[in-house]
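One chain, chain A, links the two complexes that follow: it is found with chain B in the first and with chain C in the second.
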Partner chain A sequence: MDLMIDVKKEKGYTLISVNGEIDLYNAKELKDRVGYVCDDSPDGGDLIIDFKDVDYIDSTGLGIMIGIKRRIAESNGGLVLVLHSDRINKLFDITGLKNIFTITRSVDDAVAALKKG
Partner chain B sequence: MSRSTKNSLVEVRIPKKPEFLRVVRLLVSGYASRWPISIDEVENIKVAVSEACNTAIQDSCEEECEEQIAIKCWHEGNQLVFEIKDKSHKGKSQDDIGELHEERGLGMLLIKTLMDEVDSKFGPNKGAKITMKKNLRSA
Partner chain C sequence: MDVGVTDKIIIASEINELPIIREFIVSHIADAKLNEKERANVEFSVIEAVMNAIVHGNEYDRGKKIEVTYSGYPDRIEIKVKDSGAGFDPSKLPDPREPESLKAPSGRGVFFMRQMMSKVEFEFSPEGATVILTKML
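Coming up: the complex of A and B.
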């Protein structure tokens, strides 16, 4: 499945929905799209990345998420990942990334997590 | 190579390019599903083999690269074996790979966690070979 990225500006945050497989072939596409969103909100906008129908992510994709996390932190923004699949959750768990990201199971929970700070 | 190994051997070569990683994942999940193994374990194998190919592709390949990676899968005793061989590997050691880029370190971590046995050999002018084994469910 090709990677599909949808960006929506909501009140107080930007929601990026991702569908498909994230691997070495297309991970840069995700990095670039998120990069544009960050460029648009240099003063620290909050971001939710919803891995809606992501059924595969490799270490390149995980590495890019770390880069995004750093970039958002530098601009004092908040970042929440919405991981629906147990499989993807497992990969974040194995690599220890669960400890550095705020992860929720739904977009509503992610919005609540951003409000909480 | 034993007779049962020969009878189960599948070997594929892919161009050393990231657009062929999905082909590898399809091959590996199809092959593994043929044996008594859970869907979850098939997914683990898919991730590990794809990560091993990532390591080879990230090693050196430029856009015009004409090199190939060889992927072998076979059944041996109570295990499935997956071998990823990159003859043109530039000789970066396993440690170098972890240090070069964060994601390469993550890749090796995933391989080691998701498979039951892993053996990796990297050497200057020797190429790279990663052999991974997954135990099958006992009958």
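Coming up: the complex of A and C.
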């Protein structure tokens, strides 16, 4: 159930790469790391969260993602999720969450989505 | 008449007990006639049920136990998750896909169970609440 989070400041956005499982056990860790990123960009910064090697997210993890979206919106930033796994895409699909998140399959597409606004 | 195997595990109401439950379920469904996706769905649903038991049923009280029972039958598997909570009215759970619930941070656990299992039932008694997850084979 380990979670590895890598934060990289890129030109115009911050890229957070996540490896592991996002669940009740460690979802707060992701929330806290995103909180630090938001605190560093109080005037609003765009964020891409790349679920690079995430093979599991539970309902708590989804709830945390909603909290993160809210937090980013409060600082007038944009958020794009990069979901690689079919299974995780399916979870966002059946819950209707794909309608409130911008979701792509690659970081390049996520950068393009941020530029589009 | 049903002929099957039954096994039971009891854990404390702590999130770091979840890997024990995962191992318990994964080992039991390994030989069931389920494909990879169905197996993942069962594992996911049981974890959601146990999380609900820890968080809502027993409210993180480590003195209160959670009982997970696995039963395998020729035509189905059945997993019961029992906590000490007072229970709730399942018919009043909001649909998380509805606009007023879509952005809620919680309330998707039972929805996932219903999506991923063949049948989801609840039993409430003075001793506690039990969710019964059934997957037909």
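The rule is simple: the second predicted complex is superposed on the first by the 116 of 117 C-alpha atoms of A that agree within 3 Å, B and C clash if a C-alpha of one lies under 4 Å from a C-alpha of the other, contacts with A are read in each partner's own complex, and residues count from 1 in each chain.
As a working rule, a residue touches a chain if its C-beta (ideal position, glycine included) is under 8 Å from a C-beta of that chain, and two chains touch if they have at least 3 such contacts.
Note that the structure is predicted; figures quoted are calculated from it, not measured.
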* So if we stack both complexes on chain A, do chain B and chain C clash, or do they fit? -> clash
* To do: Would you check which partner chain A:76 touches, where first means chain B only, second means chain C only, and both and neither mean what they say?
  => neither
* Which partner does A:100 contact after superposing on A: first (chain B), second (chain C), both, neither? -> second
* To do: Scan A:21 for contacts with chain B and chain C and give back first, second, both or neither.
  => first
* Identify which of chain B and chain C touches the larger number of residues of chain A. => C
* Structure fact -> Shared chain A footprint, chain B vs chain C, residue numbers 23-25, 58-60, 62-64, 66, 87, 91, 94-95
* To do: Report the residues of chain B in contact with chain A in the complex, numbered from low to high.
  => 18-19, 21-22, 25, 43, 46-47, 50-51, 54, 57-58, 101-104, 106-107, 109-110, 113-114
* Any idea which chain C residues touch chain A in the complex? -> 15-16, 18-19, 37, 40, 44, 47-48, 51, 54-55, 96-97, 102-106, 108-109, 111-112, 115
* **chain B contact footprint on chain A (complex, rising order)** => 21, 23-25, 56, 58-60, 62-64, 66, 87, 91, 94-95
* Asked: What part of chain A is in contact with chain C in the complex they form?
  -> 1, 23-25, 58-60, 62-64, 66-67, 70, 87, 91, 94-97, 99-100
